[in-house]
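Presented sequentially are two complexes of subunit A, the first with subunit B as partner and the second with subunit C.
Right after this comes the complex of A and B.
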């Protein structure tokens, strides 16, 4: 699947995937930024406060995740690409994809009073697929940035973090436009989306799909098995997202998010543990191969 | 651009082209094909800018892209766009104050057993015709609810919008515009 060669900027510019990634982030920004700017103009205080809170949230998590890395530090440029894909690419493209998917869904199936199911299905399928496409794109950028399941999981986390921060910042400003207390509206949205459901939200789902991408591009297993894991991880993330948004087990926001969210977080931690063991074994094998004997 | 402590590798050009085409196809399917299918399947689109008459009791101007989903006798008319629904009730005789109407909406959402709503404070506005109105917006974890009441003192109109929170940022301006375009007529719903 791979050949060893150095990558120059010229080679990077010759890669079709480089241009696709640039186009997606550019088009996404073109679609998303006007909504944010108009909301900002309507309520500058809410806008500045939202950017400060969600920007700080993203930077804090970025710093924590970067410090938790094992087996060498990953490229900050690739991490920034993953974040931008989520923050601009997915949020922007979702403004077109979500209404389209929802219209098709509601005209094909009858939801009646259960419109929340339509919302849950739309968010799960559209957002997870667009985020998954981002990790897949990063895997095929020049320089092979994803060389293990763990790499895929890591960049998936950042695609999800970018999406969560940008989408939630926009939600905060929109909520504040209809509230007397701007500060309270922004903080309430942050507590609901960042604190109560932050641990098992977008970054968790896209980390699962990212792990699937990492396995697909790095595992020596058969193609059928790798495709199965690639699509299976996407299906798992979509199902987790739909379950989280679905109108079941509701009544108390905190209890509902914990009951629906903790299993997904536990699943991610299991994937993380297995991925780390696999990566450690890979490194061990590579060291043995290079030195002609077991590593110390 | 890759990390410096690991060897730099490249996927084969053929694999890169295949992956690029696959990712582009997925993105185009979601952002071009689905909206086209959605446009053709979500019911008759209303003519943007042309007033829509609801039971000869009120008119309002639908925003671009909204479709008529259901017209249920004298009860209500439902419009939809991108997963969001706008339920428009015919104008009725009412002497309730705007604040009382808003409080009824707030109480209804606060008592919702299914989910927890973060409610904004009622915001007053004036329609293009100079009639006062009030709007209450709530957000649950996944959905929004925007409840508009417009009253000239003797007759009132109610517009109730709900939908996924992901659509709110893109359609809230349209909802405000449609509420502002309401004109209350003297007719009675049949």
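Right after this comes the complex of A and C.
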């Protein structure tokens, strides 16, 4: 199976969605890169080490996820667009949106010493919605890029992976700024964000929203049901993200991330299983329809 | 009876509606682009404008933080919702909470040590704290500050004491916002003035 239909470059260039995706990634890069460059200038060793570690992490996961694909290979171009949307589009727009959302929140409600709740709500709502928009944009790009729930889940994973790698690289440099050992600070951030919470972090949340987008565009169900799943999956990802960042169950970072994260990972695995079964049945039906009999 | 309706139903079940992904083939997706553009604009443009309007900065002003103690606040800081015993100020995603003056006999550095130990115990793995730094406020009171870098955010605390009372200020900010707000918060804390002791 391929998830792209024949699309000429001319058709792609005529689509407003193509230009919108380019604009969002470009503006995101314009907003995010200066942050990273200034952090890099402050601490070049930490910056280079962070880029090496998180770049390697992203490439390794990219390779593993690409090899785990079932029902055919997905387009690497679309995968790269998903990754870039997360790494540059979401991180960049979030530099404007997160402070704004946080200011509105703290001006409207009283958080006082519980300001970590404001940070958790801000990160959950802003980042998940922007990642969700990325998978939705890919679905509307010319070329039939998402035609199953599984496709949406796959591209959602890559939007989240791009965001995770870029944001974590910035955090690594920031944490190294005050540490006695730059190398240890970068490695500690990597262990916490990449290893301990890596399985149930940004890629997991956006894979859930991606599955919702995949269902929305590929299911023949009623519009109300598809919108319900689309927004329900987004709500689920936002709630999971808020819970993960919320100042509850704090104390032991490892216990906290496992207790908060494992249910989200289990949820994603259930969605993955259902999506695979649905896709297998869909392929079976397509084969029957094409051959006039049951597939062997 | 109703054989026509039955065959229509059969036809419908044999030919379920085409998914949106198929219906989009060969179309420009202008509606989809509009939805995504609205989300992006709402977050990158509208939200910051709303935040600016909601937390409209006022000219530099003197705020009473309780017990007659005051701080001079730059126009870039906005006052958050009031809460008992504390004053909340916000700026660009960062939050600065100032406590009411409380009676104390401790030095700022001693209070700060206690705060830092408590933080380190509950902070996530990989968090680091700087060594405390002492300074004197514009009014000549003793003060100290420490920065705690957590994986997800940066926290900076100040303790200011006039020898009989102390005020604790805590700045919480995401890494991207910390650099800009920390310096401004430092100026704000330096401006802290305790009430004149009664003769």
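Couple of notes before you dig in:
Going forward, the second predicted complex is superposed on the first by the 290 of 296 C-alpha atoms of A that agree within 3 Å, B and C clash if a C-alpha of one lies under 4 Å from a C-alpha of the other, contacts with A are read in each partner's own complex, and residues count from 1 in each chain.
Assume contacts are C-beta pairs under 8 Å (C-beta built on N, C-alpha and C of every residue); 3 or more make two chains touch, one makes a residue touch a chain.
Remember, it's a predicted structure, so these values are computed and weren't measured experimentally.
Subunit B and subunit C, once both complexes are superposed via subunit A, clash. Shared-chain residue A:74: touches subunit B; no touch with subunit C. When both complexes are overlaid on chain A, the residue A:220 reaches subunit C alone and has no touch with subunit B.
Once the two complexes are overlaid on the shared chain, A:8 sits clear of subunit B and of subunit C alike. When both complexes are overlaid on chain A, the residue A:109 reaches subunit C alone and has no touch with subunit B. Shared-chain residue A:192: touches subunit B and subunit C both. Judged by the touch definition given at the top, the superposed model places A:287 against neither subunit B nor subunit C. Subunit A residues in contact with subunit B (one complex) as well as with subunit C (other complex) are 5, 11, 15-17, 20, 24, 35, 93-104, 106-108, 115-116, 118-119, 122, 126, 129-130, 133, 136-137, 139-140, 142, 144, 147, 170-171, 174-175, 177-180, 185, 188-189, 192-193, 217, 245, 250-251, 253.
On subunit B, the positions that touch subunit A within their shared complex are 1-3, 5-12, 15-17, 19-20, 22-24, 26-27, 30-39, 41-43, 80-83, 85, 113-116, 118, 120-121, 123, 135-137, 139, 141-143, 146, 162-170, 172-173.
For subunit C in complex with subunit A, the residues that touch the partner chain are 16-22, 24-26, 28-30, 32-33, 35-37, 39-40, 43-45, 47-52, 54-55, 78, 80-83, 86, 88, 90-95, 97, 121-122, 124-126, 128-130, 147, 149-154, 170, 172, 174-178. Residue ranges of subunit A in contact with subunit B, taken from their complex: 1-7, 11-12, 15-17, 20, 24, 35, 38-39, 72-75, 77-78, 93-108, 115-116, 118-120, 122-123, 126-127, 129-130, 133, 136-137, 139-140, 142-145, 147, 167, 170-171, 173-175, 177-181, 185, 188-189, 192-193, 197, 217, 245, 247, 250-253, 257.
Residue ranges of subunit A in contact with subunit C, taken from their complex: 5, 11, 14-17, 20, 24, 27, 35, 93-104, 106-113, 115-116, 118-119, 122, 126, 129-130, 133, 136-137, 139-142, 144, 146-147, 170-171, 174-175, 177-180, 185, 188-189, 191-193, 196, 216-220, 226, 245, 250-251, 253-254, 256.
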